[in-house]
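In the two complexes below, subunit A is the common chain; its partner is subunit B in one and subunit C in the other.
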Partner chain A sequence: MNEATLIRKGLFRKVLRAILMMVSISIAFFIFGVLGAVNKAFNAGVDVAAANRLVIVNAINFTVSMPYAYFGRVQGVDGITHVTHANWFGGYYQQPANFVQTFAVEPETYLDVYPELILPPEQREAWINTRTCLIVGQALATQYGWSLGDRIPLNSNIWQQADGSSDWDFDICGIFTAEDSSVPTNYAMFHYEYFNESLAFARDTIGWMILTTEDVSLNDQVADEIDAMFANSPAETETTTEAAFSQAFVEQLGNINLILTSVIGAAFATILMIVGTTLVLAINERTKEIAVLKTLGFQSGRIFRMILTESFLLSLIGGAIGLGLATALVMAAAEGFQAFLPGFRMPLSVVWQAFALMIAFALVTGFFPAFNAMRIRIVEAFGKL
Partner chain B sequence: MTDQQPLYQLRDLSKTYTRGKESISIFKGLDMDIQHGDFIAIMGPSGSGKTTLLNQLGGIDSPSSGQVVFEGKRIDNLSQGALAKWRSRNVGFIFQFYNLMPTLSAAQNVELPLLLTGLSGGERKKRVKTALEIVGIADRAGHKPRQLSGGQQQRVAIARAIVADPKILLADEPTGDLDRTTADEILGMLQQLNTELGKTIVMVTHDPSAAKYAKRELYLDKGEFVERGNRS
Partner chain C sequence: MKQLFAVIGMNVRSIPQRAGMSIATITSVAFMVAVLLGFLAMANGFEKTINGSGSDDVAVFLRGGSQAEVNSVLAREDARLIEVAPGIATDESGDPIMSAELYVIVDGTKRSSQTEANLPLRGVQQQAVNLRQNFALTGGRMFEPGTAELVVGEGVIREFEGFDLGQTIRLGSNTWTIVGTFSTGGSVFDSEVWADLGVVQNLYQRGSSVQSLRARLTSPDAIEDVRAYVEGEDRLNLDVTSEREYFADSAGGIATLLKFVGWPLSIVMAIGAFAGAWNTMYSSVDSRTREIATLRTIGFSGFTAFMGTLIESLVLALLGGALAILVIYILFNGNSASTLGGGFTQIVFSFEVTLGSVISGLVLALSVGFLGGIIPGIRAARVPLLAVHQN
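Up next, the complex of A and B:
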């Protein structure tokens, strides 16, 4: 027997109670893990944003388009290395439920602005030279079982062709991947020219532009120059960093971070109170046993450490189980969520945060019982003066 | 330390409790010597301060004034930490209600004081086995307290008290919860520990027939000792 045995025996003095406390804690960390992964996935765009990448949108709203001519004017701004543009296509495959995130883009420059997207050279060549080419991300291709050479129709729920049709036919000539698994590959892109020439309305407009600057330090200067260039025009622009743009995009859905933090906070506060109170009662129940240990010569500091270790064990075991279950769920659901939440996985940062929380949880729930145990006076505990 | 030096010297010992505005004096100006190898039974009416005195001897309570000297060194002015260390090295406690850890086996209960000694696991096991053999309960080493009778639990408690080879055993009503036959067995064992192993024992008891096992009987009344018998 050693001190670890004593701690274990103390913790599992009442097995059912210990298990229920662990279950409570594991529920809190399960919620934390799953919602943490969701939150991270929502903010994936912010996380993968390049520091020197700027996004130019219509100052009214990013859903309002801008004249195509702006593209040429922006190209002439000093401090820019690459600039490209994109339009939201709003596509679906076969039926509206099969949503396909699709953009009409300028093929060559788009890949220059997003070097993290990997397209094999022969596919890149085909992409640039084939008017009806659609390049799809690996995640999207996997989702619909598409492969190179497939000819697929995509419908738009926004745009219409001059002949009244909203179907566009595409040839899949490239499947792109990304250097980093956190970069989403759940979307498709096709030629702006193919899109623009067939439109029934709003021709020669672009949804937004993306550019890279020569250096991050030039970001403000470039943004100011561009916005000044289009000031007082019918389509004024607003140029922001890609991270700010992504953040604003996510915030359209509401303050996801606040919502998730509130849910997690409520779960933790409730379980903290339950476990904290149970631990206090459990230690009170052991007052006499602790007094015996002290009588035998166990120092108060050692008693404090032992009780606090019980709390740590409880929190770490319960927390690890909850986090493990959350990871399993996220892994199982990741594929199904790929279309809506690309990058839905258990991020390492959430795991570290969870472990930090486990330690904090153990300290908060264990400190007072341990402190009370440390302060137990032997004669009072035995009730004999 | 010399052979003549008493194990304990209590000098002008007083203990007063405050309850609300009232001050209750348990004993005042108590003097007492305990020699090596003594077996003292302290008797007295309820509330006479027998257990309080035992607590002073065991360093689990401090006197209001006066000195508790153990082997020539004062222990009444030691810090709580130092007292805990001192207790682990010098004192074995035996309680009326055994106070065994319910989640631990008999052997693990006996091993508890040895966790404070730095002995190896093997050495601890050896000592636990010896202690359990001395009290005649080695065959129940793996049993939990709830699987043992009162007498058996008290034997385990005695094994726990002697396993670290303390200089003094302090027993508070060790037979108060036992029937006569079992009580006699336990008292016989304490007597054996005193006569054969030379353990110094101070026992608090209400029971005059229990006190007869001791070498000296002291009667605590109104804060003063009255020696009733010396069989040494």
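Up next, the complex of A and C:
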């Protein structure tokens, strides 16, 4: 009988008890995995933000537009590599429930500012040269079953054309993907010119601008210069980094991070209590057995190590099962979630954190029982009935 | 019967002897119920705010197909055509009770995160206050028409910085003075900032356009007359809804989402708590094997042993559930929070621990206690008499 057998026998001394503890542990890691993935997806906008990318919005609020002329003036600012602009279209397909996130953009510069978006060269060509072109993100195309060459109408719940209609016809001439699956592709874009010239009202305004600076160190200088340029005008601007802008947007939904952390905390506090007390109890029951091992010449250190190994096995097996289930659920749900939670997947960082937690958990729950076992004195143990 | 109570009493009184395991069960049930109650309190609070916002006898007019105020644009002429519609109530001097309104989304700084969030700066006409149930000034006075003065909803003051009475605040390139605070009894309008319509149109370059018209109806049924009038008038392309319907349409999503997240989460946690309870009850039966066998020997039935164990488990679960309800009620009930609502602006709401959610929490706790106690209970009933010799 080698040490591994002893450890296995110890752990499964009461099979049902070991299984119940593993179930508890797997539940906590399941919750950790799923909510960790959700949290990551919510913050994707912050994570994928380029450090040298700035967003310019109207200082009143980002939903308030600016004069088109601002675009030309920003182009002249020193330290900028590319600048582009966009308008919110408020689109839907066929009926209002089919929301389609759509922007009217300046076609060429938009792709310059977002190099992580990938469009095959011939589609890129078509996008720049076709006035009625709509380029659709892969996730959105999958959602509605659209493919290259389709001609589709999109309605706007905000804008109206001069003739009173509110639907625009588009030719899908490109489907874009992204370098990294955490970059969202759940939206569509079309030419600002096609949009602007057909508008019944609010012509020659733009929603927001995005620019890249030559270097991160120039961010503050560029932002200050732009905001100073439009100070004391009816449309003052506010220039922030893309990350800060995305962060503020997530905060608008509420403190999602706090809510998710509280739930994860509750789940872990629960298993800590359950597994911690059960292990102490389990070792107490085995006082005599351990005294026998000691009598046979097992060193205290070896006993300590064996008991701690049990708690490690418990934590790792339970944790791995929970994390595995979480990954399976996230993978199964990812497609359905693409539309409103793009980039929903099991991030590697969450997996590593989970393993670190499993180790920490094993140490916390295993230390006291192992310590108690190590200190068992043979004489006292046998004296105990 | 007497046997039964005696055994239950013994079980329950012996709980402190197994303090560690029992506390673990109580805590695990408590956390599970707390998660459920927390989410339901958010969902119920949000729902209450939205549902308390609309009246049946106020009609809302929006541009056809715009779905929400934020997307709508109406011209000055539209208001004149609606004024003469049948079914619209008038005040003592014979003027229609209606208000043309326009809101600009402005940035406010959230106290909790120190980040900027969307607030509606609503330009209203004088009758606006008569079109909201329970409108009351809670401090200061109403704004003077034609001046850059604001009145601020109580929800905004709770969640946002810089809107206290008497302060001035810069929204875009304009400076405003806060001259009053108001409450509409916890409805959506408490999350708004109000000013004179003309001033808002002027300062934010909106010309003479508005977004919505609200009008008091002579009775809730009069909305059909108004709708028929609007459809028959070629110059109008409007959607007419009762205000209650308008908010019901725009609200559903978030409350439903919270419930859809809260329930599955707490049910998953319930599986963990169930495993914990089962484990605890097993230990309880184990540690009392001799005691149970002794009782059986002197004539107590297996059923009493079963019930003793089951009731012990239910008591632990109930304690956990009650603890969670108490803590959540003290810590959360009435807490203020805000999220992005249908109009793309923040809606401030208060957590609401309802009786319904408390009952749901207790039912979930007792289910865990019942399922966790039943198999150990059967085991207790089957303890062989000879176990009396076990050491």
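As a convention for this text, the second predicted complex is superposed on the first by the 383 of 385 C-alpha atoms of A that agree within 3 Å, B and C clash if a C-alpha of one lies under 4 Å from a C-alpha of the other, contacts with A are read in each partner's own complex, and residues count from 1 in each chain.
The definition used in the following text is that contacts are C-beta pairs under 8 Å (C-beta built on N, C-alpha and C of every residue); 3 or more make two chains touch, one makes a residue touch a chain.
Note that the coordinates shown come from a computational prediction; the quantities given were computed from them, not determined experimentally.
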item: First, second, both or neither for A:236, with subunit B first and subunit C second; value: second
item: Touched partner set for A:2, first subunit B, second subunit C, both or neither; value: first
item: Contacts of A:90 with subunit B and subunit C, given as first, second, both or neither; value: second
item: First (subunit B), second (subunit C), both or neither touched by A:364; value: neither
item: Touching partner for A:317 - first (subunit B), second (subunit C), both, neither; value: neither
item: Partner chain in contact with A:30 - subunit B first, subunit C second, else both or neither; value: second
item: First, second, both or neither for A:128, with subunit B first and subunit C second; value: neither
item: Overlap of subunit C and subunit B interfaces on subunit A (superposed complexes); value: 385
item: Touching residues on subunit A, where the partner in the complex is subunit C; value: 14, 16-17, 20-21, 23-24, 27-28, 30-31, 58-61, 63-64, 90, 96, 155, 157-158, 164, 166, 201, 232-236, 247-248, 251-255, 262-263, 266-267, 269-271, 273-274, 276-278, 280-281, 385
item: Subunit B residues touching subunit A - in the complex, by the definition given at the top; value: 17, 26, 51-52, 55, 58, 60-61, 80-81, 84-89, 93, 95, 99, 101-104, 108, 111-113, 115-116, 121, 124, 160, 172
item: Partner subunit B, residues of subunit A touching it in the complex; value: 1-3, 5-6, 9-10, 12-13, 288-289, 292-301, 378-379, 382, 384-385
item: Complex contact set, residues of subunit C against subunit A; value: 20-21, 23-25, 27-28, 31-32, 34-35, 38, 65-68, 70-71, 73, 104-107, 110, 112-113, 115-118, 171-173, 204-205, 237, 265, 268-269, 271-273, 275-276, 278-279, 282-283, 337-340, 344, 346, 391
